[in-house]
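Okay, got some structures for you below.
Here chain A shows up in two complexes: once beside chain B, once beside chain C.
Up next is the complex of A and B:
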């Protein structure tokens, strides 16, 4: 017989793990927002996205979350005119990464919010356990 | 007249609340999982009704099927049906709703442990001179 509160903490911890991976991907995207290719006409950095999936923990029977895979965004690159760039093609056009800062910001905020919610769950489970232990006192 | 089995009742409710907290944690963790359906536990009253009928364990289709004797499994979980908005990703978790549920669980748990504490004190008053 497993303790549901302990399982709850484990599930919330899996949520924290998944959201921090998401935050890592967001920061990778933002850091590489200007990463062009190295050779003329080559592809620049392609934006990454995380894919979540729920998994059943067989030991506790609880539904945890995990990062299923880190996929790439297939949308088109934008091009800018910059003949001096090493990645410029014959016409002087350079392909820029398909990273949109606003989208990344929104993604970051949402990861942040979900992280906080999971943290709140852990706090709550911990408080419930300590309330039970408090029965032995007094 | 049946005696009031407060400690047993309180333990059952505490277990129900723990299972509910576990389910809420699962919902919160999967708030961004595509296709995930939000879950909730059955109301405490229906668990209590089944217990009063003396049927505490899980239902089985056939007598040959194994049933778990884990008391946590006696609490049924089911997908939330009413008042859900399903997002384009097929996910039906409503984060504010889950946080409200957590608040409910907390206050009920506080009441539960407080009652057990005071009942215990009452028993001690009669036992000790």
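Up next is the complex of A and C:
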């Protein structure tokens, strides 16, 4: 039998890992929001999204979270008129990445909040363990 | 950690503690202490304490190792904090139990004969 408090901390730790991966993907999307292709008419950077999935940890019997895969967003690219760009086609149109800054901001906030929630779970479980050990004192 | 406490309390309620077993665990290394009174059935009190002590030392070693890996950039911050927190908790448990044993020993030594 494993300790439920230890299992709770392990699950929360897996949440921390998953959310930090999500934050990494958001930062990649934001950094590459202006990354166009190199040759005329070529595709620019395509937005990435993370897929989470629940996995059973056999040792503790708890359900943890993990990053299933990092997929790409299939939505259309936007085009802007910029004939001086090396990626411009014959009409002078350049394909820009399908990254929306507002969406990325919202995603980043959500990752942040989830991370904080998991941190609070760890803190609470830790406090409970400490309080239980304190029973031995006094 | 809680498992260790549970097994310990189960042991102490199941049988009376021999003073000789208590004496060897507090004075020597606890891991090498021969099980004193009532060691015939299952694990003895000294064995349990020895397991706890070696587990605690293992946790501390692991925390140190992961900390160095974190400094070298091979482990994430989360892993370092996790390992150090585990070590801290097992050290707390071991200290609380040691305090309990010492106070019990002092109680016995102060007993009027």
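The criterion applied here is as follows: the second predicted complex is superposed on the first by the 138 of 138 C-alpha atoms of A that agree within 3 Å, B and C clash if a C-alpha of one lies under 4 Å from a C-alpha of the other, contacts with A are read in each partner's own complex, and residues count from 1 in each chain.
Assume a contact is a pair of C-beta atoms (placed from the backbone, for glycine too) under 8 Å apart; a residue touches a chain by one contact, two chains touch by 3 or more.
Bear in mind the structure is a predicted one, so any value in this text is a computation, not a measurement.
Enquirer: So, on chain A, is it clash or fit between chain B and chain C?
Expert: After superposition on chain A, chain B vs chain C: fit, no clash.
Enquirer: For A:53, select first, second, both or neither according to whether it touches chain B, chain C, the two together, or no partner.
Expert: First partner only.
Enquirer: So in the superposed three-chain picture, is A:20 touching just chain B, just chain C, both, or none of them (first/second/both/neither)?
Expert: Second partner only, chain C.
Enquirer: Rounded to a multiple of 10, tell me what angle the C-alpha centres of chain B and chain C make at the one for chain A, in degrees.
Expert: Vertex chain A, arms to chain B and chain C: 40 degrees.
Enquirer: So, A:76: does it touch chain B (first), chain C (second), both, or neither?
Expert: So A:76 meets neither chain B nor chain C here.
Enquirer: Which touches a greater number of chain A residues, chain B or chain C?
Expert: The larger set of chain A residues in touch belongs to B.
Enquirer: Return first, second, both or neither, reflecting whether A:7 touches chain B, chain C, both chains, or no partner chain.
Expert: first
Enquirer: Which partner does A:110 reach: the first (chain B), the second (chain C), both, or neither?
Expert: first
Enquirer: If you stack the two complexes on chain A, which partner ends up touching A:120: first (chain B), second (chain C), both, or neither?
Expert: A:120 contacts chain B only, not chain C.
Enquirer: Which of the two partners, first being chain B and second being chain C, lies in contact with A:132: first, second, both, or neither?
Expert: both
Enquirer: Aligned on chain A, what is the least Cα gap between chain B and chain C? Give it in whole Å.
Expert: It is 9 Å, taken between the nearest C-alpha atoms.
Enquirer: Going by the contact definition given at the top, which residues of chain A touch chain B in one complex and chain C in the other?
Expert: 1-3, 5, 9, 132, 134
Enquirer: Contact residues on chain B for chain A in the complex?
Expert: Residue list for chain B touching chain A: 14-15, 17-19, 21-22, 24-26, 28-34, 36, 39, 70-73, 95, 98-99, 102, 105-106, 109-110, 113, 116-117, 120-121.
Enquirer: For the complex, give me every residue of chain A touching chain B.
Expert: 1-5, 7-9, 11-12, 14-15, 18-19, 22, 51-54, 60-65, 110, 113-114, 117-118, 120-121, 124-125, 127-128, 131-132, 134-135, 138
Enquirer: Quick one: which bits of chain A touch chain C in the complex? Just the residue numbers, please.
Expert: Touch residues, chain A against chain C: 1-3, 5-6, 9, 13, 16-17, 20, 126, 129-130, 132-134, 136-137.
Enquirer: So in the complex, the part of chain C that touches chain A is made up of which residues?
Expert: 1-3, 5, 76, 78, 82, 85, 89, 92-93, 96-97, 99-100
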